[in-house]
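Okay, so chain A shows up in both of these, paired with chain B first and chain C after.
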Partner chain A sequence: MWIIKGLRKGVITSDYPKKVSDEELPPSFPLETPKECPFGAVKDGKLDPKKCLNCRLCNVPFGRKLDVDDVRNPLDFKRSLHVFFLDVGTCHACNREVAQLQGPYYDVHRLGIFFTPTPKHADVLLVAGCPTDGMVPVLKEAYELMPEPKRVLVLGACANGSLCRRKVEDFVPVDGYVSGCPPSPVQIIRGLLKMAGRDAE
Partner chain B sequence: MNVYYIITLGFALASLLPLASRKLTYWTDAALSALLLGVLLFKPESIDGTARYFALISAIVWLTASLYSVDYDDHYPRTLAASFSMAIAGMLLILLTEDAVTFLVGWEVMTVASYLGITAKEKEGRNAYRFLAFGELSALLILAGFGLLSIQSGSVHFSGWKGSPLWNVAFFLATLGFAVKMAIFPFHVWLPKAHGNAPANLSAQLSAVLTLMGLYGMVRMLLIQRPADWIGVFFLLFGGLTAILGAAYAAGTDHVKKLPGYSTVENDGVLLALFGGAVVALNYGNATLAAFTLLALLFFAFAHSVAKGLLFLIAGRLENGTGRFPEVVRGRLSLLGVLAGYASALSLAGIPPFPGFLGEWLGLESLLQSFKLPDPGMRILLMLVGSLVALTAGIAGVAMSKMITHGAQKAGGRKGYGVEDAGYLFAVSVLLLVGILPGFLFGLVNPTVEAFSGLKATEFLGGALGIKGGFLVVAKGFGGISPTYLFLIVSLSALGTYAVIRGAGILKTRHVRAWSGGLINPEYPPIAHSAILLVTEGWLYGTREESGRLYWKERFSLAYDRLSKGYLSFSEWFRHGLMRGSDSVYVAYILLAAVSVFLYLLWAL
Partner chain C sequence: MKVLSAVFRKNGKFLSVWLDYETGRAELEYTDKLPDRKIAPALISDTSPYITIPPGSNAVPLTFGPAAGGLGQAGAFEILTYGERIVSIRPVYGYKRRGIEERLLNRPIEESVVVLERATGNFSLAYTYALLKAIEENPDEEVWEVRKALLEIERLYNHFNAIHKLAGAASQKVATMHFHALEEDVLRLLSRLTGHRYGFSANRPGEVRILEPKAVERLGKIREEFRSLREELLESKIFIDRLHNTCRLSREDIIELDAVGIAARGSGIARDVRSFDRYYSYKPVTCEEGDALARMMVRLEEIERSFEIIDSVDVKAVRSDPSVKEGLNLGVAEAAHGDVLTLVEVKDGRISWIGLRGASRVNYIAFSRGITGNIFTDFPFGLESFGLNFADADLWQGGVE
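The block that comes next holds the complex of A and B.
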């Protein structure tokens, strides 16, 4: 009984996805485009937020910027989404943010997002980190095992190709990027919802 | 002199043949078993019904095992072939005799011959001793029981024992002896070790026929006179325990031949429980249930013996070096061998259309019909044992699927057929035939069941759905279901569902590799097959984990090891106290004592 009751009531602890408060996103991303960036986040005088590490080496005052994900190829889903998370070589900060998603505060279950223990059950492959030699074949295998339709969402500056010479894109086709180092849980949720074709705003 | 004694003599003489050639011995054994089988089937005069049934089962196993041995035994010492034949002669003696002395002689011949056979494999001294120790324990118990009755009634003939006032005590002693041979808990520890380490043809003989002799002894005793309730309760309880333990350890082990060994413990446990059930049912005046339970017992014995014998033979081919499953090599079995492996394992797992399914169903049906009995305590007990046996059947599936996936399936690919394949073919066809048309076997057990309960076993055969009467098994008189219906319903609904899904295009299959967390791990190790059991039932297995691998140990076996160590050190201490100094002085003492006794006798005369 209490399961049904709990499911029906549901306690929403964060406002997302109803509205995104500014406080929920980390203070990040230079207000104006810096002149140069040691990590290659600036190209042709334009800032690529996906690659920015928030390191402030560019001395540009920090501000807030909301369009920090870039989903190019969303799924045509209305309801639940199953996600397989793969760490291909992180500093572990990304993992911790992903782990927050399942906690009571963000609780992605209420949004119909579920993590699966095997790529064979997943719609979205969530990848974080610089692809290391050992993990590249695993990454490819995981992608291969996923059923159609499948999408790949990459997390963080590493996977987006800022910190290391490799990026996830070099090995499997990527359909969406979430920026940040690490990305905040809210950003990840937004990326996932967009990937599921359920953009909140 | 009837023809059976001539055949027995033939087996005994065949045990001398290895001096000339081992192959010749096995050929002779095969010919004699075939002859025995023919005589039992077509000219069964001068043998009583019960013995005939058991001899028939044995002859099937003997024929299979002898054919198998022709190619198998080419590097063992000659004692193996000799003891193989001699043990058969002993068993036939047990089956043919009507008096206790010959029975015990046969029993000893069987035990000692098998002991010699086990020692044929080097380094197996300890397990062979264990076999002998428990064999002698059982012989002593039987001797005690038989002796009591013989002295009390003044007759060594079975028929003369009826109505003895000491019946219950003597019955219990003797049947306990038989049950030790059938590896009843807590005496079950020797069986998997001894059977698992003996040469395969002998293991088949030990597990399939030797334990069957124990059952034969029990049924024999049962037919003379019915014992008291408490004996039935005892066998119900301990049989159930034996069954569940055997099944659990069979599922846990990854030793190719200990697995069928433990499975024997399990099946014998079920048999013992059914034995208890039959006694209880009859004592409470339910003759129908008693008849059905005895029928279940006898049928189960058939299913167990033939399938287990075959499985041990297959396991002997899989065995290689360490005897663990991962070492199973391709090319050990021909296609027929693989099929035989499947057939025997499926039968033991209780899957239709093999006799194991029917045996399992009969057994469960008879144990779970306890509400027919008036006594509430007895109902609870029977229900408990019935559920243990049902659980056993489930766990046996794990063990047998291990046998198939890690054993038989991987060992195929041998080109060309040998003599052993003839044996496989014979055993598999017997299994299939009996599984599909069990009515014939019911006819064979008729005399036994009738002598016990006054009802015929064939009364449980019926006809329905246009199937001719006499082929359909029904629990007439107390239950409505028939295993044939069960089989038909389950398979038809499964097939129907499959057809609908396939036909409607709902089922789209895509074949991908298994996801192993990115590890290169193409082998599914045998231990993983039962890992869930090993982890969740850790209290039973004493599971421990070392560097990511699971290890387990049989609890009761450990206790026995401690006991035997204690006994050894005690006897060492005793020897030190009694005979310090050199052996020659000791021998001199004995000589001196003998001479003085001799002198005393002379003087006294």
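The block that comes next holds the complex of A and C.
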């Protein structure tokens, strides 16, 4: 019965990165720099997308935007990528978006991206949330345990120091950022592909 | 029957909130000592004693979390076990204490709402519902109707998520994926409707922002799909067997531990804020058995109800201009897992103090009671049937003194 049900539903998996559908585009993002931002996302007249909460309180035009990431130090991995996800103090929305990557809509296995339950098998440490007192030692230890070459990809405004006093880069070296609150699944995939040295589009 | 719903620290005293779920009457009480209720220590902090091994026992203590792959979030359980049976267990709070709550204070209310949404993202519509309920004077009926519909949409995706997790624990791979897809369908709908996948920024003071009202029409298809999945799911005997009798809570447990939400309703106790919320006329769904299966059955029925409620609302953007109530006020909302409670003090139009209590804070304790004596492999079934998370449990238990 389940098989028939599956057939009836047809293929729902995203074409991304070949194509991104309107449905998958992330929620709205300020397209212009607002004069000021109550949450510190505007500094010296420039918008820091890493800190923007997508809250739309500033009255500037908003639109859907995919390329709000900044990956500085990619790996040279063409085939597969193993990822360890660590929540260091999220509101749980970032976790849900990461979980969706393994759901039928995004299914990152098709791209050779795998989640591992231990940092010892990971190439990328995917971190979300404000580093809390309890989680800072865990974060450092997870980083230590990873084999070389290793990279850290940070997700979401919290982990980038918006809302909280601390940010992930205060504790471990960071190689890439994905903005958003929370970043949408396709944005996370884009960040991971870039981190693997693969073309995202 | 009065339930100890929350305890906060305020002005060097304990401020307790007692709630009667039959009448909706709430009482606030200042005391020097914690109220004499089983749940009281867990409400105020995570100081409940660490597990001690009874003399002569060969059980071993073990900590699960806070970075364990299985939990997927920062939180932990201390478990005392022989390797198979769970002799004793307690949740460890604090790993998620982020301190963002104080960023909520002393700023324009609309900014406070933005921060509050980020306290527990997947229940954000419930939190903002509760906060605005507490502080809006002369509320606009229409605005609240739409907020109610949004709250039900939030319930839908969270209930789908809980069922997806339960099916996942039983390795019912196909059902897992179908429910995971349903969750994503609802998130996409919310994204269309409000411009955000989790509905952040939809509830604003005096206003509810809806960008594309037509998006709710998609619920028709989601409902159809849910109905056929539900039938299929309940036919799977292996799955039902795993839930049956797992993590059982009696009526007495619920009463003793002041448990709320799905946990209470699954044990036959009709604690549901919607039964006295003036924007609802709702009769709570209950099930008597008190096990993981009962909690899932309650969810399945509530999903149907949510569809009906949303159907009855004309979802559109509405604006009104209510004034802000000064002083200390309470707001409650029934989120997907149980009620969330905000106790807010407003001074000169700004929030000067706030206490937040999510249902997870209470119900993790109920879960611990239920799973005691079960075997290890029952753990995920028990846990996921409550639909809790640590972000919600680790909220601030008292404002700036």
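Just so it is clear, the second predicted complex is superposed on the first by the 185 of 201 C-alpha atoms of A that agree within 3 Å, B and C clash if a C-alpha of one lies under 4 Å from a C-alpha of the other, contacts with A are read in each partner's own complex, and residues count from 1 in each chain.
The working rule: contacts are C-beta pairs under 8 Å (C-beta built on N, C-alpha and C of every residue); 3 or more make two chains touch, one makes a residue touch a chain.
Nothing here was measured: the structure is a model prediction, and the numbers come from that model.
Overlay on chain A: chain B and chain C clash in the combined arrangement. Counting residues of chain A touched by each partner, chain B versus chain C, the larger count belongs to C.
Applying the stated contact rule after C-alpha superposition, one finds that A:136 touches neither chain B nor chain C.
In the superposed model, A:118 lies in contact with both chain B and chain C. Legend: residue contacts after superposition of the two complexes on their common chain; A:147 is shown touching chain B, with no touch to chain C.
In the superposition on chain A, A:60 makes contact with neither chain B nor chain C.
Only one of the chain C stretches 9-17, 27-35, 81-89 or 135-143 carries C-alpha atoms that clash with chain B in the superposed arrangement, namely 81-89. Chain A residues 118, 135, 138, 142 lie at the interface with chain B in one structure and with chain C in the other.
Residues 1-3, 5-6, 9, 12, 23, 27-28, 38-39, 53-57, 62, 85-97, 99-100, 103-105, 115-118, 129-130, 132-135, 138, 142, 158, 163-165, 181-182, 184 of chain A touch chain C in their complex. On the side of chain A, the complex with chain B involves touching residues 118-120, 135, 137-138, 141-142, 144-145, 147. Of all the residues in chain B, the ones that touch chain A in their complex are 510, 512-513, 515, 518.
Against chain A, in their complex, chain C makes its touches with residues 66-70, 72-74, 94-100, 103, 107-108, 110-111, 114-115, 118-122, 124, 161, 174-175, 177-178, 180-181, 183-184, 187-188, 191, 195-198, 200-201, 228-229, 232, 235, 389-392.
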